[in-house]
Amino acid sequence: MTTSNRLTVIHESPAYWRVLIDNPPINLWDPTMFAEMNVLMDDIENDADLKIIVFESTNEDFFVNHHDLANREVPDHPGAKPFSYWPTFVTRLAQSSVLSVAKVRGRARAQGFEFALACDIRFASRERAAFALVEVAGASVPGGGGVEWVSALAGRSRALEVVLGADDFDADTAERYGFINRSIPDSELDAFVDAFAQRIARFEKRALELGKKMVNARAGVPSEADLWTSNHVLAAVNEWPEGAAALTKLNAAGFGQVGEFELNLGQRMGNLPSA
Amino acid sequence: MTTSNRLTVIHESPAYWRVLIDNPPINLWDPTMFAEMNVLMDDIENDADLKIIVFESTNEDFFVNHHDLANREVPDHPGAKPFSYWPTFVTRLAQSSVLSVAKVRGRARAQGFEFALACDIRFASRERAAFALVEVAGASVPGGGGVEWVSALAGRSRALEVVLGADDFDADTAERYGFINRSIPDSELDAFVDAFAQRIARFEKRALELGKKMVNARAGVPSEADLWTSNHVLAAVNEWPEGAAALTKLNAAGFGQVGEFELNLGQRMGNLPSA
Amino acid sequence: MTTSNRLTVIHESPAYWRVLIDNPPINLWDPTMFAEMNVLMDDIENDADLKIIVFESTNEDFFVNHHDLANREVPDHPGAKPFSYWPTFVTRLAQSSVLSVAKVRGRARAQGFEFALACDIRFASRERAAFALVEVAGASVPGGGGVEWVSALAGRSRALEVVLGADDFDADTAERYGFINRSIPDSELDAFVDAFAQRIARFEKRALELGKKMVNARAGVPSEADLWTSNHVLAAVNEWPEGAAALTKLNAAGFGQVGEFELNLGQRMGNLPSA
């Protein structure tokens, strides 16, 4: 078991690791978490035996949450990179010979949803998972791959509903829309994902690696260039006065803080008081 | 409220318009309706405040029906254009900064289905909506985007079933096949769509516009060139003798007329008497 | 009625043929079956009246099974071709003016699933159909179009689950994932498919042919070049020592033989004894 600040890596076997994500109290994505993800990515690429990695949260309310907007400095931490390095991380994960699975229990919103989308496969709790790209409700746009992945997996019309509607989607709807693999009853989720991972871990690494390369070649991975473009778009959008005004309202209402506002973020961000 | 001949535009707010479509008795698509749609498209593009537009029918049996084949002359009416201008209209709607929603209650067939597909999002009544591209059953092919949109949203095998089978699809099947966003119980449809539209209307126009552009860039809009090609194919197909023979039988059976034949068009066009 | 060794062609009408597939005891795909398929493909292309062809199995447990690995010699049989000719066969079927339907009752695995995917449309028995690309579990990869078709129909994340997981998928899951058109209760399957075929058979051949060409142009058919690439990849993979070791274990466990192992192949191939 390897523990850092935000991530705990459990070596179930040489071929199968589980990564517990834990940034109390509401699992915000922050620069330290990203730094640790980059270190983990090096470990994944350097390991000859690893076949499958499962990401899960220790927080039953939040899988991974949006950015911690109060904490954007690149820390003095191994693996630390500016957020503009995100498209490289995503591309490494997608092209890795290791299969990555997001086991989603709790909310996955904005950057946290984009992290789940960057994993190869998503299995989600029917009762507890929720997915949202809330950016448009905050006068911004998704810049971390949300547009790319949801468009590819759910098609244009549903992607427009997700991106412009900026609301929470439960697991059953996410499954119907195609942007998660399966919605699974919460009581069965852990056993299902573990059985899937144990199965993959018994297969030959060379066959898994080639199979993933073949699917990547045919099904398409958003290009790193496209992801950079969205990333740069977001950097420009962050200068909009509409966004600063929205953020002031959001912070006053409870954004990024423990409480009911964050639990019901999709619904609440659609009903902010007028300026 | 703006009323023309076929369309009534209700300004729910500066950001949210509803358009009632009404061409009694069976909501056939005709050159006057297209002319009014072109005028509306100008209004949409020229309005700085509009964010979302919802299209719905006043006729609970028909959302928008197929072409009125007995009425194909370009009228002396503002906005009038030959039907060959259709790919331009569709492209303007898809590229508009305004989000368009088809609230489908009743049948959407042929041109009427293609109009619904040209809207960004489709929400449909579980009990009352039906969708069909009936052209092949009439010895023709869809020429207004039906092939393009259904192929993109539902994939090749389901598109072949829709286009070659030429039958009615209910809302639940349409949702499973992915060519509508959601099938919604009829009693909840109005409230659902209104809440969605009110939500969109509260967001910043600049974020909505950029979000739609980003999805369009990644998820693909059928090119105007592709739509022109299908349109021209249809013009050639309209010269086939098989089509003229089919039309004679269709007209004798009740095509384009009030009655049971139109209500059950998918089923009935699959069982026309032999020549 | 035309009977050869593996295939029986029933001419329901000049426009509608049914093909019964029968290679007892477990419907393995073998070089003789492929030879007969090639002869049938010539007949399909040379017939001016044929509009729709339905493939079904006489074996309720197996639609079409994986390759008969003990029987790989090209036989002295009309239509015989080396397996490397498979991409050409698939491309001819996809580009044919005739609509092809796989009516899937029983298991469709590996080559048998890839044959079903090569058909234009798949309707499957809810209770009796199962689909699997088991190759990765045997230290190989799918080389006959499975990666191409499942990626196109189900998207990257579900394709990765199908290809790398190498497990059985029931018809309801296959429908949700989008790689079959519909899951239909077994008691209704025959009537549903027959009604669909009779309907298609009543339409004009010219309209059906053009409609299919238009969908092919927009929805994409895997290129013959891509299929050749996968085919060649598989030829190289067949030299891997991991595959030979897996095959020894598989044969000892009951692979390709009548019995429980083949009935539960997805589950059993995920639990082979360690080397």
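Order of writing sets the labels: A, B and C. Residues in every chain begin at 1.
Here is the rule we go by: a residue touches a chain if its C-beta (ideal position, glycine included) is under 8 Å from a C-beta of that chain, and two chains touch if they have at least 3 such contacts.
Nothing here was measured: the structure is a model prediction, and the numbers come from that model.
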item	value
For subunit B placed onto subunit C, the superposition rotation in degrees, Cα atoms, nearest 5	120
Interface numbering overlap (same over half, different under half) for subunit A and subunit B	different
Separation of subunit A from subunit B, taking each centre as the mean of its C-alpha atoms, in whole Å	36
Residues of subunit A touching at least two other chains	152, 176, 178
Contacting residues of subunit B [partner subunit C, same complex]	135-142, 147-148, 151-152, 155-161, 163-167, 176, 178, 222, 226, 230, 233, 237, 240, 242, 246, 270-272
Sites on subunit A touched by subunit C in the complex	99, 120-122, 152-153, 175-176, 178, 180-181, 196, 199-200, 202-204, 206-208, 210-212, 214-216, 218-221
